[in-house]
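Below you'll find the structures, each written out as structure tokens.
Next come two complexes built around subunit A: one with subunit B, the other with subunit C.
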Partner chain A sequence: MEETKNKVDFKSKMQKLWGLAFLIFLVIVYSIFGKGFFSYSSLQNILLASSILLIIAIGETFVMITGGIDLSVAFTMGLSTVVAAMTMKAMNQMGINAVIIVIVGFVVGIIVCIIPGFLNGLIITKFGIPPIIVTLGMYLIARGVALLLSGGFPIGKQPSLLGKIGNGYLLYYLGSKGFFWGIPPVVAQDLKRYIIQIIPYPVIFLIIILLLSHFILSRTKFGLYTYLIGGNVEAARRAGVNVNMHLTKIYILSSIFAGLAGMIYCFRYTSGTAIAGEARLFDAIAAVVIGGASITGGYGKLIPGTLIGGLTIAVLQTGLVSMGVSTYYQFLAVGIVIILAVVIDKQIPLIYGKR
Partner chain B sequence: MNTILRIIEVSKRFGGLLAVDRASVDFYQGDAIGIVGDNGAGKSTLIKMISGVYEPSEGQILFNDKLISGLTPAAIRNLGIETIYQELSLADNLSAYFNIFMGREKTRKLLGLINVLDEKYMEEESKKVLSRLNINIPSLKTDVAFLSGGQRQAVAIGRTIYWNAELLIMDEPTAALGVEESDNVRSIIRKLKEDGVTVIIISHNINEIYDIADRFMVLKNGRIVSVKKKDETCVDAIISMIVSGKEI
Partner chain C sequence: MKKTLLLLLILSLSVAMVYVGIACKTTAAEETTAAEETTAAEETTAAEETTAAETEYTFGFVFGVDDPFYTTMGIAAQKKADELGIKIIFQTPSKWNADVQVPIVEALIASKVDFLILVPDDANALIPVAKKAFDAGINVITVDVWLGDMDYSEGDDSFVLSHMGSDNFEAGQAMGEAIAEILDHKGNVYTMSTLPGEGDVELRYEGCSDVISKYPEMQMIGLDYCDNDPSKAQEMTRAFIEANSEVNCVWGTNVYSAQGAAMAVQNLGRTDIKCAAFDATEFAIEKLREGLFQMVLAQLPGEMGSMSVEAAYNFLKDGTKPDILVKTGYKVFTSDNVDDPDMQQYIYKGVSE
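Moving on to the complex of A and B:
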């Protein structure tokens, strides 16, 4: 029995460590061979670049732990940016106060996401149709609606406050003048390059969302039932868990996270576009898989799991750019890492023994 | 002996098929009864009517003099009737204590505001219930997937005991177990009987349950062929009744 416990502990530690070790390895390699990779601003940019991807991946982690998948997030994100941007543009043209515009835009952008999420959950649970099919259908529906609403064009003419928040930092530092909270110091043009920007707002947003989500997943009944449904859905039903209700909530949650990612997009790029999330879907799923979640459900963590998965993808992509390698190699690199992640994950129990 | 469960002229039809035909039997507190019979004899259908999965087409089921036929499985569980199915209804990806508390987790307030799982409490309580059954599982934090067959069975039984089951139905409890583990499960069942729990065991293998059962109920084609105390019969007679469908 002691031997079994030791094997289990070792396996669990290996799974946690190999992902982190690989990430550190990548950072070291790129720091040596990449130009300007290992700098404060570069590493901060990696966090910023991964913020949208990670927020989608958080929602996807909840879904994949239940044994499902949500493909619709790509265009739910786009739909949320379009609806939010349309609302804010209209309010901006009416001359409404910018703070009110930003708040209303944010809320509208999130609320609109509840619809595809609810429909996903309802159809999957009521009709027993596999999540991959339902969410693929919703991917196309959300895409169609977003394109129809936007006419296929980005929606601009947003209040300037949006960009100030989306591209702002918590703290600024200028050697001669000290620290500034929230607003950069007003200096001559030639001095601006000496201002050190510390912690972008989207990263703070990501950290808060990630910590809250991790808490819910690891400490609450909601999180436990997510794992339980992924592990043995029949046992969950027999234990009295309302599986259909829980799964519906999970898909709504996934869509809301897509909406939150959409809001970061909106704020950073001061526009809304139907295709905002298209490029992020497979990176988000890759992040969850690289982070150790099982595609059949029951396993997965946000911290360190998905966090390391997301950072690995961001580091891979940024590092290749710093080495002057063609961006097409990014697809190759991420693809190889996903397969490696799943193979290693499967091999560890075979090597160290599992019942 | 105190009668805890009464099945009175219970039948179950599925369309034209009569799966259980006018079954009547009493179950007593602290008694272990083995339900035996060939495939299709009606054993599973009978216990599913007791546990609430099926509603009887005719007849009544009384538990502690309360009519339970027609109640939901959850309501019947709450009354103190627990069922352990052959595949155990465990979540392999969760720890032993989460499995024992499945659906009835203990929570506590964090900072007076948020309900979080009280893992320490659940772990401690699980330790107590497993030691009552003389089961030793070194770490209750380990995923149940890493436990042996006998330990998994013990966790499933522990779950029913913790929630004070008065009647425990076990479907083929030793089917997937080796010799030593089957012996351990039989020891647990003996302990349960000592604690006053009534145990109904379905088994294909009469030899596996002969030692621990006090009575045997033989079913064939949905009918109760015979209910005999152990000192009124023997293994060969029971097998003969299973095959012939006639009381010996």
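Moving on to the complex of A and C:
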């Protein structure tokens, strides 16, 4: 009895910890071999670089736990940046107060995402078509709409407040002058590099969303239904869950997360473009998979799971740059990690469960 | 048995990562520069003195995307760097996308390069991070594609030292003149470009149109964007040709668009359609010899590469500022001069050494 209990404990610990252990190992390797990797600003950059990726991955986690997948987020994100940027550009030209412009832009960017999300959910539930196909179609539709609206051009001429928020930090510290909240101290140009920037706003945004999502997924009925549907749809239905309604909500949620990621893009790059999210879809799905969610559904966690998955990818990508290594190796690295992650995840229960 | 397999997997993964790291180290010795940023403001002068005393500079060079044009640029830049004793870290975004390029630049800032040479993937989106580099004490030169409005004397982008690139409008005009000659001043011209809103290819198109519009019997009948993907360029060109009876000339504004467009013409067997290309890759030159292309315009990416490195070095050494806008030239290849020994050096190299 004692023996089995210890084995079970070790197994579940292993499952939770190997991802974290690997991440720490990577950080150590890059810190030794990379230049400037192990510095406060560099590690902070990794969080910043992973913010867009992680937000999309959070939405994708919800979807994948139900056993589905959402490919449309790549261009829902672009669509949201385009609509928000066009709105803000127009308002900027009318000379409206910058704070109002930014708030309206944000709201508009999120609301427009409800449409593709709702359509995804509707078609998947009412017509019973596999999510991969429906969201693939929506990927193309959103792409077309975003391109048509923007003419393919990136949209600039945004209010400067946008960039200040997107690239701003909560706290600044300058040796001789102390701490500054929210707004960087105004100093001579060559002193600027000594200002220590603490906690970028997009990262705060990410942390809030991550904690909220984690709470919803692990502590609410909404989260519970998500797991139930992923585990066994029929059982969920018989338990009284309105599966169609719930799934539709999940796809709307996923699109909204794409919109949130889009808003970070707008704020950081003061620009909106149809192809904003194109490079991130694949990384987001990889993050969820590395984080341990099952492709077939029913299992997956945001913290540590997807969080570690996303950080691992960001660390791999950033670390290779700091080592001066060609970006081609990035593809190799992430690909190898994904495959090994899934293999290891499958092996652990097999090895430790079988005795 | 299975336990060892698992351990073996984890071990091999770790070994692979470490091997990649070690195998790719270009220098044996690594100077550890002070990574702490807690130095007080009073130590400004002391810090500046220590950086000036370091003999080896490290530059960060970020290309737009993976492309023989940039590979050629990189080879020339590396050559100049070897001459001057500078170390360069080259980075290539996997896609022409700001969201991919910005983290690369941020990582370079964190590794404290001495200078940044950049081909921005988005003229607006890269300004905040370039400014970040500048604020961190890293000066910036743009090559090939500019930030903002190309005017670095004022505005949001005034911190950039210089832009070095082709005079795209003039080169576009040269393309227009060449096409006009090829078509005997009569005919319709179809253009394949990369991405809308991308300043340099837009200017090439405008330059070409400017010239074509002077000839009453010539017309620009189409402009499409292939997202820098040659297979898309091929499909779109084919579709256009099949839908429009009167296409006399097809040209592409850069490496991939020209490649794809010309392949469409070749695969359709339309020997009546003339082709021209911007960017002299080995493929383009081969096709020029075969008669598919009538004209290939070579930009001078090598010049951009070596000039930017040299300008950056001079600036760091003694503060000499480069010209705020440097226009590199271009060369025209036709069937007449394609075998000239002097012209061979302007052909782009496909793979880096």
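By our rule, the second predicted complex is superposed on the first by the 344 of 355 C-alpha atoms of A that agree within 3 Å, B and C clash if a C-alpha of one lies under 4 Å from a C-alpha of the other, contacts with A are read in each partner's own complex, and residues count from 1 in each chain.
Just so we're on the same page, a contact is a pair of C-beta atoms (placed from the backbone, for glycine too) under 8 Å apart; a residue touches a chain by one contact, two chains touch by 3 or more.
None of the values given here were measured: they were computed from a predicted structure.
Within the superposed three-chain model, A:R238 lies in touch with subunit B and out of touch with subunit C [touch as defined at top]. Judged by the touch definition given at the top, the superposed model places A:K126 against neither subunit B nor subunit C.
Look at A:M323: by the touch rule set out above, it reaches subunit C but stays clear of subunit B. Residue contacts after overlaying the shared chain place A:I196 against subunit C, while subunit B stays out of touching range.
Legend: residue contacts after superposition of the two complexes on their common chain; A:L224 is shown touching subunit B, with no touch to subunit C. When the two complexes are superposed, the chain touching more residues of subunit A, out of subunit B and subunit C, is C. In the superposition on chain A, the residues of subunit A contacted by subunit B and by subunit C overlap at 354. The part of subunit C that touches subunit A in the complex is made up of residues 2-3, 5-6, 9-10, 13-14, 16-18, 20-22, 24-26, 30, 33, 35-42, 44, 48, 58, 89-95, 97-100, 102-104, 106-112, 122-128, 132, 135-137, 195-197, 225, 227. Contact residues on subunit A toward subunit B in their complex (touch as defined above): 1-2, 4-5, 7-8, 219-221, 224, 227-228, 230-232, 234-236, 238-241, 298-299, 354-355.
Only residues 18, 22, 25-26, 29-30, 33-42, 45, 48-49, 52, 151-154, 156, 163, 166-167, 174-177, 187, 189-194, 196, 265, 268-271, 273, 275-280, 314, 317-318, 321-327, 329-333, 336-337, 340, 343-344, 347-348, 350-351, 354 of subunit A touch subunit C when the two sit together in their complex. Note for the complex: subunit B touches subunit A at residues 73-74, 77, 85, 89-94, 98, 102-105, 107, 110, 114-117, 136-139, 142-143, 145-148.
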